[in-house]
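Here chain A shows up in two complexes: once beside chain B, once beside chain C.
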Partner chain A sequence: MSRAAVSPMLVRLAAEKATGALLRDHGTLYLVDGRVVHAESPAAPGVDVLLTTGGRLPREGWDEAVDRAGAHRAVGRFLVDSGRLHDGELEICHLGAVFDAAFFALSPTSGPTRFRYGVGHWFGTVRPVSAEAVERETVRRRELLDAVWPYAAVDTSPVVPRPAAPGQTVGARQRALLAAADGERTPAELARLLGRPAFHTLLDVRRLAAAGLVETPLAPEPEPGPVPPPLSATLPVADPDIALLRRLRDALEAHL
Partner chain B sequence: MPGIDECLLEAMALPGARGASLVDWTSGLALGTAGDSPVGDHETTAAETAELARSAAEFDSFTAAGDSEGPPVEDLIVTTRAGYHVLRFVETSFDSSVFLHLWLDRDAGNLALARLRLRDLAERLVLG
Partner chain C sequence: MANTETSLKEAATIEGAIGAALVDYTSGMALGTIGGGKELDLNMAAAGNTDVVRAKVRTMEMLGLQEDIEDILITLGTQYHLIRLLKGRGTNGLFLYLALDKNRANLAMARHQLKKIEAELDV
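Here is the complex of A and B:
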């Protein structure tokens, strides 16, 4: 499978083993010796949100770690050395946050990409990941979202639950998501509220929309850039009659 | 207090171990890998095992029972002609969805021992 690089500049910086911050429209990637050590995006909850929302870490514990170790760029290390977190927890949480933020930071954009050599992040290095792995995963995630339910409009619209069909069940994590969906919160807001990675929330919302448990807005916002190719010859792409498709599917399932 | 790599290396020390990984079952991301993948690509294996784990973790029939703390499903075992796959859910006290996957050779592997060791590793990974 040949895939175009999501960021040619990232590929180049990895090759030259650069250290610094890659600034893009939707987020920032931090590199050390060409490897990704941290990522941030306004669209993705940070490690602090992931750790404090569920009560794993009190907010004061986080603030103190930032106060005491931020200047040395060793907040992650401090959280472990001071007994607030275990190594495995830190790695699991931080890696999740890095891939999450990188997904949004590397999203297609027409804006400028800049690199500031030598700039580091105060969180410090936990578990560096190769830039190729981050690129690959970002592409895989884009494809996964569209494979689940190819309507990007659900990603940014308020999440509006729909009644379940008779006998239709939902897993615990998606139940919690639906319970928090008040018809106004967007997936990004729900992610922050639940203390979950934003991509995970997007993916669950697309899965729920595919299952007919969340509304799919009929008029997707116009996307800049080239017009995507038709999804399939049989689907009227311009105005998919999703309600009809759902009824059709429900009827088919009822006869299984 | 093992991190991900130490944890996977310990899993690989089990008799008959051929591959090990720590996988996020919501996204299908491999957070860490060691040894081989049955299909020669850890990322593909992670995405596939994640689908299996997600089904087990979310279907009511597996999750209905149990009023105790923690994830209702502890592990999954898939037996193939050539090997065993043990998927052990890792419980964290922040919101996450990860499991350990160990691939064992059918002849050299010891399934009972592997289950016990993975349970231990899954606990130590987050509790130190």
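Here is the complex of A and C:
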């Protein structure tokens, strides 16, 4: 199945093996030789938050690494070489943060997209990933969210817990999320507070909303569209879009 | 200390290995894959097996079992699929996924080797 590119500009930059920073409305991707080496988004907690909030790394340890190695763009390397983190640990945490920020940076936007050639990031290269892998994962994540609970309004609204049905249980991770949801914090704020990737938090919130444990805010009424043409007796397509049908079913069931 | 690439390479040397992936089980993303080829889409397998792990974790919580899952074995007609959960420090769990050719693999040996790879990865 061929899909429209998430960002045609990213595809082009990857093809020309560009190095620099791709600036979009919701975040920035850093490329080296056309591969993604870092990503940042105001919507996603950075590597520092992920590492320090859980207590894996003391804040001073992070600050020192930035002071000593930031100028040479080798903070990640320094964290390993100074014995603060294991190799695999750094790689996994950094990859998680990159895909998380990229998901938001590549979200649909009408704003301008710019590329600044030659700009690097102070964190340094850990494990470059192909632009194609980043795009593929971003699309997969969007589809996963909608498959779980097709109401994007829960992503940006304050998380308001609802009482559990008798006998209904949640896992430890979701329990901690519900405990931190004070009715005002949004998923992005909860992610930062708990030191978790923002996408993981969105996914948990959508799962909780689907289970009726978090309020789903009413989306604004859509503008009435043009009157659709009458349905023909047979569908004009041989292969109806399963995802669309599933979303339709979920929406109908939600209104039962 | 091993990184993800060396761990996956080591997993690929296990007798009968068809493919392996290191998977983040909250998001269902494969952080790295090796092998697989046309017969086995490891990115798809990563996402799908995330549901397997989540279902088992949920069931154990419902049963009130205060234990960790070490591994999950799925036996097919011609393959074994092994899922080994990593006991990391982070809050977001990971698992190693290994697909084996049933005719060539030694299951006990493969489980033992996967355990060793987990210990070396040390996340």
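Couple of notes before you dig in:
Definition applied: the second predicted complex is superposed on the first by the 219 of 256 C-alpha atoms of A that agree within 3 Å, B and C clash if a C-alpha of one lies under 4 Å from a C-alpha of the other, contacts with A are read in each partner's own complex, and residues count from 1 in each chain.
What we mean here is this: a residue touches a chain if its C-beta (ideal position, glycine included) is under 8 Å from a C-beta of that chain, and two chains touch if they have at least 3 such contacts.
On a predicted model such as this, the values are computed, not experimentally measured, just so you know.
Look at chain A after the overlay: chain B and chain C clash there. By the touch criterion defined above, A:G88 reaches both chain B and chain C. In the superposed model, A:R141 lies in contact with both chain B and chain C.
When the two complexes are overlaid on their common chain A, residue A:Q174 makes contact with chain B while staying clear of chain C.
By the document's definition of touching, both partners, chain B and chain C, reach A:F199.
With both complexes superposed, B is the one of chain B and chain C in contact with more chain A residues. Of the two partner chains placed around the shared chain by superposition, neither chain B nor chain C is touched by A:P58.
Taken together, the two structures place residues 50, 54, 56, 86-89, 91-93, 95-96, 99, 127, 136-137, 140-141, 144, 169, 171-173, 194-197, 199-200, 203-204 of chain A in contact with chain B in one case and with chain C in the other.
The touching residues of chain C, when paired with chain A in their complex, are 1-5, 7, 22, 24, 26-29, 31, 43, 47, 57-58, 61-62, 88-92, 94, 121-123.
Taken in their complex, chain A has these residues touching chain B: 50-51, 53-57, 80, 86-93, 95-96, 99, 127, 136-137, 140-141, 144, 169-174, 194-197, 199-200, 203-204. By the touch criterion stated above, chain A contacts chain C in their complex at residues 50, 54, 56, 86-89, 91-93, 95-96, 99, 127, 136-137, 140-141, 144, 169, 171-173, 194-197, 199-200, 203-204. In the complex of the two chains, the chain B residues touching chain A come out as 1-4, 7, 22, 24, 26-29, 31-32, 43, 47, 54, 57-60, 63, 90, 92-98, 124-128.
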